Amino acid sequence: MPDKPRLTREQIAQRAALELPDGAYVNLGWGIPNLIADHLPKNVQVYFHSENGILGMGRRAKPGEEDLDLVDAMKVPVTLISGASFFHQADAHLMTRGGHLDVAVLGGFQVSEKGDLANWKVPGAKGSGGIGGAMDIAAGAKKLLVCMEHTTKEGAPKIVRQCTYPLTSLSCVDTVITDLAVIDVQPGGLMLREIAPGWSFDEVQKLTGAPLMTLGRPPEIKLD
Amino acid sequence: MAHKVYSSLDLAVADIPDGARIMFGGFGGAGFPNNLIQALSQRGIKDVTAISNNCGTKDGELGLMFKHNQVRHVIASFPGPHAHYFQERLAAKEVALELVPQGILCERMRAAAAGLQGFYTTVGVGTEVANGKEERVIEGKRCILEMPIHADYALIKAEKADELGNLTYRLAARNFNPIMAMAATTTIVEVEEIVPIGAIPPEHVLTPAIFVHRIVQAKGIRYAG
Amino acid sequence: MPDKPRLTREQIAQRAALELPDGAYVNLGWGIPNLIADHLPKNVQVYFHSENGILGMGRRAKPGEEDLDLVDAMKVPVTLISGASFFHQADAHLMTRGGHLDVAVLGGFQVSEKGDLANWKVPGAKGSGGIGGAMDIAAGAKKLLVCMEHTTKEGAPKIVRQCTYPLTSLSCVDTVITDLAVIDVQPGGLMLREIAPGWSFDEVQKLTGAPLMTLGRPPEIKLD
Amino acid sequence: MAHKVYSSLDLAVADIPDGARIMFGGFGGAGFPNNLIQALSQRGIKDVTAISNNCGTKDGELGLMFKHNQVRHVIASFPGPHAHYFQERLAAKEVALELVPQGILCERMRAAAAGLQGFYTTVGVGTEVANGKEERVIEGKRCILEMPIHADYALIKAEKADELGNLTYRLAARNFNPIMAMAATTTIVEVEEIVPIGAIPPEHVLTPAIFVHRIVQAKGIRYAG
């Protein structure tokens, strides 16, 4: 199995982009989620929120176009779309926590079968770690997607019965998109909705730390 | 792109059901969604829970809805001695009133908007406002627990909207409108002018589009009563 | 005593105006407090706050000058001074409750010897009554003045041991200015600081429902 | 009229005592009061409690104060992997850290600003953030009680100030600055430009003058690190 092709990070982002409905207000977190903006279908217009107080972020600024007062939550110079607005950080998080974002997409270290998310601290890592906006975003988004690799570099499952990493938020994840599968967190457990080309249910189950369900034979992950 | 601009006041309020919880912006005659209120009242809605600083002036502002006995429950800070129809309905026990201090009314709506589950305040301690509320001492101060106030709809008034729903307000007609816009599931705004997207500078937007769901241009009653 | 002259409402306001330090942020309530703005000493600049979201209110609008979107908390058309600002009502009351106002002046029905204030509802009166901003203002102002007549129309004391009217806020009043006296609420009780011209301590005490203290012979109320 | 305009950065921070609780605005490199931080650090202040989203970048922003070991306690949401001096001091146990979710950090400061005594939130429930905090269930949701964060001083950055202290911010350099301005006893702002009173239209003021106590024009380090 190790040499079977998996989705690339760009492909995970591409798949995740299809989960964003037209007109949605969306926050993208660090890591793979940050690649999503480049993969939006042409006919879809979404409005990107940044927790430092921007609604209507556009693409990243090109060289020479940067304004250091106009950065996203990752300190990357960005641009605005027409109709953008600025507000202070308390209002920015009123939006995250108060259920105003239609979709938020975060990276993840672990997701449990109940939808618990761990994404801010690796046990034993050096340094303070940092929470940032993740806890507010995870607690409040109407729909929370997590994009991550299906397994750690060492091959251990990142989808687990119970998170062992420090938690970000309980029962918050709606859908996990990995390099092997699209999985919905449902009241009864984890439902495998789509699967990477060339992979079988049993193969993905073996790399997953919690039981998966499926309705018949899961279709291949669609990318457009 | 979502289409938020409605062609008429009637369409903008057409689906608000009987029994809805509705916030109404405005203070001191300024910033009331008078045209939306007229449309809502004319539709014959009933059993509304109204959240508003006051209860109108005679036929004006919310007064109309009390005249037609369309409100069952009011959460307000200052119903007003000139809210004749409200006072009549209250005396006849046709409407129930919850009185809330004005700033606490704002904070309870903001708490709903911000996804907070309640807060402690010294305001109202030892007064009738505290009746039935949890009391505790925090850092030596007597406090009561106040709960969020959410609404199904907010009817608000702004000066300009762009087609995405970014809003500006004129002078002191801002008042409760930005808070209510954030605290309701569906926010409906009547505006004096709809401007092209991009016409409002991003730093001057007072209510970001995320909080606005329906926009209607109203040329009608600006000040009532 | 009934025919002895007392301060007029305008004079109470005139006396209260002297309690406003230069540069202070001030909220004026209904009734006598609303007369204070006309009596500010020439060399004093204060900034008037209105709970509907104005800082830097100027004088009332003259006929023809009114803009119905620019009204004070009493619905009266007003003007702005240079350097004024607008904000929403939650921020307006963040200012009142959060201790940002240097002085607030409210009217009163009763003030107790502990500084409790009753000013929003007359027992048995018709109608709903209304709280408005008074409870937030009373709870939060750095300094709270109450301006009122010393006695009711029936001659009963309005300064009492314990309020019998519905309360606005507990232990909030710093100073009461009446048509007979200026009285500070101190931890040990009510301190009569100034007295109306022609009135004796004993005469004022008789019209006061709680014991007054004084340091020597109290001076006459100063009006400028 | 109060005179809020200071002639130098040094004078603006001259009386901040050792051990002060200080909020520092800024996020993602934008809106940091870098010149005030430099002045404060050069003065040799010590034992500061710093309230800030992050802990600087190398020598930049708050990094300078960690380099000189001037901070004893930090309340932050995202100290940052590039906050080398902070991370060193933390490893050496020369500074204590309280990690707070970013939105909750904003709300706790706003609660202090707004005279609220605490609030319940679902954010952080079941995580290390909840350690030692009261937990209760409100309307079926597990919540923790979060307390206000107040400061003696806020050091913030704005674009323009008028001489009364009304402020505007540029683009996303707004971030934490307006909240911190409201939550401290004494707010000190460095600005790019001081404009005459009346030059900022009343509807465009982003921080009203009541929250601003000292203004200093800074031509120096705008972005650091």
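By letter and in written order, the chains are A, B, C and D; residue numbering begins at 1 in each of them.
Just so it is clear, contacts are C-beta pairs under 8 Å (C-beta built on N, C-alpha and C of every residue); 3 or more make two chains touch, one makes a residue touch a chain.
Fair warning: this is a prediction, and the values are worked out from it, not measured in the lab.
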(request) Determine, using the mean of C-alpha atoms as each chain's centre, which chain is farthest from chain C. (result) A
(request) Please compute the C-alpha centroid of chain B, do the same for chain C, then give the distance between them in whole Å. (result) 30
(message) Centroid from C-alpha atoms only, then distance chain B to chain D, rounded to Å. What do you get?
(response) 33
(message) What's the distance between the Cα centroids of chain A and chain B, rounded to whole Å?
(response) 35
(message) Two-or-more-chain contact residues of chain C, please, as numbers and ranges.
(response) 86-87, 93-94, 97, 139-140
(request) Note the residues in chain D that touch 2 or more other chains, in rising order. (result) 107, 110, 114-116, 121-123, 169-171, 174, 202-203, 206
(message) If we use the touch criterion from the header, which chain pairs count as touching?
(response) A-B, A-D, B-C, B-D, C-D
(request) Within their complex, state which residues of chain D touch chain A. (result) 27-31, 53-55, 76-81, 86-87, 90-91, 97, 99-104, 106-107, 109-110, 121-129, 142, 169-179, 206, 222-223
(request) Would you mind writing out the residues of chain A in touch with chain D in their complex? (result) 50-54, 67-75, 86-90, 92-94, 96-97, 116, 126-136, 139-140, 166-170
(message) Which stretch or stretches of chain B touch chain D in the complex?
(response) 107, 111, 114-123, 138-139, 141, 143, 168-171, 174, 202-204, 206
(request) Would you mind writing out the residues of chain D in touch with chain C in their complex? (result) 1-2, 110, 112-116, 162-164, 166, 182, 197-198, 200, 202-203, 205, 208-211
(message) Applying the document's contact rule, which stretches of chain A touch chain B when the two form their complex?
(response) 22-23, 25, 45, 47, 49, 55-56, 80, 82-87, 91, 93-95, 97-101, 139-140
